[in-house]
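Can you read through this structure? Questions will come right after.
Letters A, B and C mark the chains as written, and numbering starts fresh at 1 in each.
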Amino acid sequence: MVSNLLILHEAPALGLQLVIDGLLIGAVFALAAYGMALVWGVANIINVAQGEFVMLGGLVAVYAAEQGAPVLLAVPLAALCLYVLGWILYYTIIVHLVGRDMFNSVLATFGIAIVLQQLMAHVFGSADRIAASGLGSWFLFDGLVAIDKTKVLVFAACIVLGVTLSVFLLRSRQGQAIRAVAQKPEAASVLGIDTKRVYGLTYAVNAAICGAAGALAATAYTIHPYGGLSYTIRSFMIVVVAGLGNLGGVIWAALSLGVAESFAGFIFGAQYQIAFVFTLLVAVLVFRNWRLKRQRRYLA
Amino acid sequence: MDETRALTPKRCLMIAGLLAVGGVAPVLLPAYQLQLTELLLFMVFALCWDLVGGQMGYNSFGNVLFVGLGMYAAAVVQVGLFYDVGLYNEARGGGTDFVFNESQFLTGLALGIPAAALVSALAAWLLGSLVLTMRGHYFAICTLGLGIAAGQIAAGIPWLGAGSGMLTPNPPDSLGHVSLLLYYLALGLAVLCTLTFAWLLSTRFGLTLNAIRDDEDKAEAMGIKTHAAKVTAWVVAAGFLGAAGALYGNMVRFIDPIQTAFAGATIGVWMILMALLGGKGTLAGPIVGAIVFQLTKELFWTYLLGWQRVALGLLIILVAVFFPSGLVGFVRDRKRAEGKP
Amino acid sequence: MTSLLEQQALTLLLEAVGVTKAFGGVVANNGVSLAVPEGSIVGLIGPNGSGKTTLFNAITGAIPIDAGAIRFKGKDVSRLLAGDIARAGIIRTYQQPRIYGGLTTRDNVIVSTAVRTTSFASLFGRARHHAEDKVEELLDFVDLTGKAGILAGELSFGQQKLLELAMALANEPDLLLLDEPTAGINPTLINDLIDRLKVANNALGVTLLIIEHNMPVIMGLAEHIYCLAHGRLLAEGPPDAIQNDARVLDAYLGAA
């Protein structure tokens, strides 16, 4: 570990590389986190299957790419498939959980996650997959720093998607309905908004977002049927840090997480990357709670 | 006081009956000794989760942390009393260099189990002040993080065998049926755990836990020392989880840091599922849940291999959606609806 | 302080001095001062939004104050946390009754008996037999003996309020803060409630500070009344003085 730190010290370009890599993947985290915050804020449900949705999106995109479809088509395809799945899951399972103790939704979506994991492994096989587009990289500082072009495109696409989503929520009628229900479900229902449908729409939109994020991620990073949990944890961590309804916070937290993971992976070694993420999570929660305690409120 | 907490004669008879069954089971069904031992340990896992989760309202996703700590602590004591742990793990614990004779093995076990309980309890006490100030899903995720991080960290410690794990001491052939010994130890632990919790829940402390679950701020505002109560429950549960972990480790022999010790995705979640399946917030719930779960799991893993996780996932969904108060809770609710006004 | 207190030179159980609390831009309490003599019944009135519940929250430590001091039995408690303040002897009830819904009515009282004064270790005694007489007495006091075995969550609103009162009394408070005790209670039962509060004050020696909107009730019950409006102390005095105070009438009628 110390030797790795020394390397960083001697080759600052490497540090820059880590920062860039971190930022680029951070955008994917941000998208997934945004979706989770949406479902949480609107329907008071924590979707533990978030990571599995991302993985599924990625696998669909990989499959499509292997069948010869261009990347540009794979992403919307994945989003659409997940959107449909989201509605199906909502009307079969999630609809029963709305308004109940949040723990029920945690358990139920965990169940969904387990089911999806093994189903994905059956359908797609459990090997690592990637839909590499082979675009190559830009190089800086005499080749010390490589900026993968695909990852940059992914980053840009995530931003575009995020902005589209925000506009949708702000401007469109359905988006406004979603926001109304998030703030005051009883009032919204009295005003004629079908809250059940709104919750369903929110869940399905979240699934679509994850699908798109996964599809994008699959172009530059490996996808694995059992790789969802870390995405779920990351999303949760980001939402906790940023607070619900704080899009700026989500972006900032997600990018920071990406960079932090990037450095941790290098300094501590890849096998400790996950340990680092979770330890960071614990530290963040403890710190946040301590801050709130001074105001005599609790993280709850 | 609420009748469901009392030790009625009917209850005592039931408990005695279960004990009798438990006592002879391994003799009648020798082929299932391992599964029965596992069942008893699962009961302890579920009961412990329920004490902090169902009774007190702090749903932890990381109790597996204490199971794993117990597993390793016991193994380290069992080995460390006689050999260098580091060397033992380097040699993958086998071979002719590291032999344990009868007295060594038994001493190791006798000291290892309490040590496991103590280590876990201590860890719970240290972590409690930090973690028990959080509530709801924050507490849940924080504990999940602890459980998983522990596994990853353990996988990186060469002294403990790192990613290749650690073997518990090889029981000497002269000892005979060690699995039977483990079974009765597990039975003893399960009984001890049940009785301890039954007692705890019959005291005002038990009521305090429920009060914290129902309205913690109100309890605080009434002068109840909520922090002390929370830490106590957490430490007690951790102690039993550690002891159970010690037995579990000796049962499976091979302790893999991520798949066995800090198995968040399996044992970690299963204990929650069992408590919920049976009915959280009741004493019988986790026990019933463990039995039903173990049966189902064995069925799934035997007959639906390859799809067993799908089946398990569906079961979880079913329970969460249709039986939020579990089997015992479901029966209780029906009785309450028909019976008392 | 008023002449009532100067004349009688009573011990002040609770003193709030210049309590100020703001939430963002809204100043809920602006330099509010009041005093509650030991053994008395003091009323706190004012139109909605005048800061009464905020003051209660400040006294019980549920929220920190921005300025001022709160003294209980002579000691400053404004920096203490809610649990410590409760253990010092201040217990409150809420507008919406807060009880432990998953426990039976009787268990709610049992878990509340003298908690603040007994040790943590004593919690490990058998609950069933803990202070049995006292518990039954309290249940009888609030007429809930018949409902003792029912889950508190299934009691009616009025019954829950009574249970909350029983729980508070079980805790043997020195000072009991009641937030609108008659709100939502069947009017035919209000007199019973008033009698109970009087018994609590006389026989059990509990000092009462009561927020009320029901004027006949509070005028008949309290010895001294404070009226808040827009976060400030508007007027104070004995019931007859307050009833005829033009400012108070203005505040209520012209509340806008």
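The criterion applied here is as follows: a contact is a pair of C-beta atoms (placed from the backbone, for glycine too) under 8 Å apart; a residue touches a chain by one contact, two chains touch by 3 or more.
Keep in mind that what you see is a predicted model, and the values were worked out from it rather than measured.
Farthest from subunit C in terms of Cα centroid separation is A. A comparison of C-alpha centroids places B closest to the centre of the full protein. Note on chain placement: the centre of subunit A and the centre of subunit B lie 32 Å apart, centres being C-alpha means. Distance between chain centres (mean CA atoms), subunit A to subunit C: 48 Å.
Computed centre separation for the pair subunit B/subunit C is 44 angstrom, with centres defined by C-alpha atoms.
None of the residues of subunit B touches two or more other chains.
With touch defined as above, residues shared between interfaces to two or more other chains in subunit C number as follows: 62, 81-82. If you check the complex, the residues on subunit B that touch subunit A are 59, 130-131, 133-138, 140-142, 144-146, 148-149, 152-153, 155-156, 163, 265, 269, 272-273, 276, 306-310, 312-317, 319-322, 324. Interface of subunit C with subunit B (complex): residues 60, 62, 81-83, 86-87, 91-92, 98-104, 106-107, 110-112, 115-116, 120, 122-128, 130, 149-150, 167-168, 171.
Interface residues of subunit A, counted against subunit B in their complex, comprise 46, 93, 96-97, 100-108, 110-119, 122, 229, 233, 236-237, 240, 271-272, 274-275, 278-279, 281-282, 285-286, 289-290, 293, 298-300. On subunit B, the positions that touch subunit C within their shared complex are 1-3, 5-6, 200, 202-208, 210-211, 213-215, 217-226, 228-229, 281, 340-341.
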